[in-house]
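Shared between the two complexes below is chain A, which pairs with chain B and chain C, respectively.
Here is the complex of A and B:
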């Protein structure tokens, strides 16, 4: 039996297929302005890549902020429950998930069965999200996917004191004007974002083993800053960005 | 089994009468000066009974604030106060009230001008400065009743201190009205106040029945009388009728949430500007908010009231209210409610406006999770200011919370 999960995020749309408790494949596209079309596209392209017909997929669960726009989904579930299920499916021992996506970040506490015990999310603020890092990468004029690597070479990370993304951007621009080392600024940005996320983890008493999911998990600078704040190692799986979609597929199989 | 729900049947009939009573009350207050009656503005937790006994019309800026919120006029009136220089961090009731006094706007065109202000700080510290501002603005006398926090208990010194102020309070009213307090009348009002509070408690307790005949959203509405008309026969008569209607609904098996599957407890003030949205949101999950810590505060001090020695006993009753006690005691009350109403989860509104109510919620959350083992949801919003409300974020949190309850099975209990 094949099951699919579709995760429509603010920046990317992800799809995953599972069969008999095995992850078959995942795929990601940009969401753009039409979440419904992105959901269709990511699903169709994944089916094409794997050579699986839509008819062979028994059930589809949609998640993410655009979950309601996926018309072909049999059911919708929130990204909290899906990230929990995805993390547990890919690594059964996991008891905590830190998910940092485009517009929100969350910490999820799991029980031994992978059920969500508690969660905490950022509130009405982009600081500590992928969007924050995107804005900062633009200000630093470095590609987003290189910002993590660049920051690892920092010697004296700067301190970003503003809580707000908009003010933090002004702060970064003034540091550029003062010719601060780009690596130090990038590292400072990661520390600032990581602190917000770490406080979410602290709120619900997250404890290892913890995995990080969401697109930002691919940023090594952010991962390191988070580990520094939390004082323990965080695992990143093979498909962190698609973890929510995997979880949605798992829950599609379970219902 | 699917049962067709007749929408008209699920409506609470007493709601119309309640609206009529509140309209009459506000008309009386607005025309007070024409009828040679005095108006006192009073904080929601303040001792209103002496006012009623002296035939002074009590008016509640906080009740008015709730009306402003429900009428979705909060943003405009709060902005008005912000233009005047008040911080966005200030309570939205205070901002809306100050804005409304100057703009003469709001759902009823502003409150009637006060002849005096009565401020009791048992609910928060903000009211002190808020009432001082209004006393200066209207040029009227202000009486402050200071109720020390009783986080670790209630001591004889506190009792004596508050009792002395109750005596001063009566003196203040006698000066303001140029009349002596009629102690027989005061006694009568005290009896009615206690009776009203007991009846209000009975109303709230009807929701222990499964399915619940009404929800916290109904309680938020029906609360207005025990706040504004406490100590009157109007409140007593109305709540008697409401209890009868609730018992009738229970007998007929009428539930407020069709096919109620989950029962939840609400903490903190309502999000007045989103009552309908929230009620529908939970109802779609077949969840009923059966009780709340807010409306029960108006019957939470019954045990301290002595109707035959009313004025002395209210020193204790008005000091030991929910917002003036310690976090451990608040958590105990929440745990009692979880058990009494047999709920599957706790929804906490972290209310940007109300600091004393929201401060300590994280601790209560942890205590509840540990001792009751039920899921707890923290929603960040504001009772009046819609700028602190994000619909899609709210939606995701509520959906996720209900998914967690569903995942845990019928009882929702994690068991620790």
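Here is the complex of A and C:
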């Protein structure tokens, strides 16, 4: 039996297929302005890549902020529930998830069965999200996917005092004007974002073993800053960005 | 569990809620006095021949109020000031401000200094409501307010008029309580939004009309087949809301859409307004004072170190609630200050809770839906 999960995030749309408790494949596209079309596209492309026909997929669960727009889904569930299920499926024994996506960051506490026991989510504000890092990478004129690596070479990370993304950006620009080391600024940016996320984790008393999911988990600088604040190691799986879609597929199989 | 159109008995309440200003303008046989909180002694206003009308923010874009209040004042206080400054509330004869939170006091100051309306009153409530000295003080405050109303209206409020007002308000309170109890027993008999419309509508419309219409709702509910209602309650999660002003019908819909019924609340725009009756056998001022002394306090008042938490736990247990949702207005210090200890009490009692910090004019509901759906799934 094959099951699919579709996760429509604010920046990317992800799809995952599982068969007999085994992850088959995942795929990611940009969401763009039409979440419904992105859901269709990411699913069709994944089927094409794997050579699986749509008819062979028994059930589809949609998640993410655009979950309601996936017309071919049999059910919708929130990304918090799906990230919990995905993390539990991919990492046996995990009890906590930190998911940092494009516009949301969340800390999720799981019970031994992978069910959500408690959660905390950022307010409608970009601080501590992927969008924050994107804006800062632009200000620093470095590619987003290299910002993490670059920040690892910092010796004296700067302190960003503004929580607001807009104010933080002008703070960064003034640091650039003062010719601060780019690595130190990048590390400061990660520390600033990590602090917001760490406070979410603290709110619900997250404790290891914890995995990080969402697109931002691929940023090593952010991961290190988070580990520093939390005081324990955080695991990142092979498909952090697609973790929510995997969880949706797992829950499709379970319903 | 989306419902069809509300039952016809509810339509006047929906119409009132839909456009309170239009309703205010349509009341021409009485002068309208705005109230801002459930501590406003409405029986006195009513007995003086005025129409007491609760003021809610109309949720128009705020720009005039920014000149007077910081953005960290709650959306209700800023919104009501905006409505006043923009002329949206020009049907008012005046307003009364009970002494509660700081933002409300500042709104009162600005309101008074602007002097747009003929009548203005501060009702300086005691901080503690339930001590003997507070009772004596409160009775004096109410008597003074009565005198202010009499001077403005050019009449003397008779004991009979006051007793009649107390009786009418008791009717409204007891019918609202019984309707809420019915909703708790048969959660599918009314939608969550119906409850919001019934309570808010009763705070807006002519009180005699509200009392008569509420009676009709009670009769209609009593005539419905409880077995059919009961059958439709399967799978429903039971929620209690806690906070101050909750004037977001869309939020009630979000709970409904995720299969959760609001079966009770501890809200200023809910149970705190209608819970507890005033003794009709006693002298009215003394009886009104006693009702306030017995009534559950809001966090701007003091009753005991743990009174609010114990009350909420007791309410959640007696209503067999699956969870409590704190609907806190953004920047509302008094409620935010009480939240951690109340949550700890709920945790100790094994009652799950979710906190939502809201701006009551907020219309992006995506994140809220994610939180609510997850919470309902979790409980």
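For this structure, a couple of remarks:
Basically, the second predicted complex is superposed on the first by the 255 of 255 C-alpha atoms of A that agree within 3 Å, B and C clash if a C-alpha of one lies under 4 Å from a C-alpha of the other, contacts with A are read in each partner's own complex, and residues count from 1 in each chain.
Operating definition for what follows: contacts are C-beta pairs under 8 Å (C-beta built on N, C-alpha and C of every residue); 3 or more make two chains touch, one makes a residue touch a chain.
Bear in mind the structure is a predicted one, so any value in this text is a computation, not a measurement.
On the shared subunit chain A, the superposed partners chain B and chain C overlap sterically. Applying the stated contact rule after C-alpha superposition, one finds that A:65 touches each of chain B and chain C. Shared-chain residue A:123: touches chain B and chain C both.
When the two structures are aligned on the shared chain, A:80 is found in touch with chain B and with chain C. Legend: residue contacts after superposition of the two complexes on their common chain; A:178 is shown touching neither chain B nor chain C. Comparing the two interfaces of chain A, the one with chain B and the one with chain C have residues 65, 77-81, 104, 115-119, 121, 123-124 in common.
Those residues of chain B that touch chain A in the shared complex are 362, 369, 375-376, 378, 380, 388, 390, 392-393, 396-397, 399-400, 403-404, 407-408, 414. Listed in rising order, the residues of chain C touching chain A in the complex are 357, 362, 364, 366-367, 369-371, 373-374, 377-378. For chain A in complex with chain B, the residues that touch the partner chain are 65, 77-81, 104, 111, 115-121, 123-124, 203. Note for the complex: chain A touches chain C at residues 65, 77-81, 104, 115-119, 121, 123-124.
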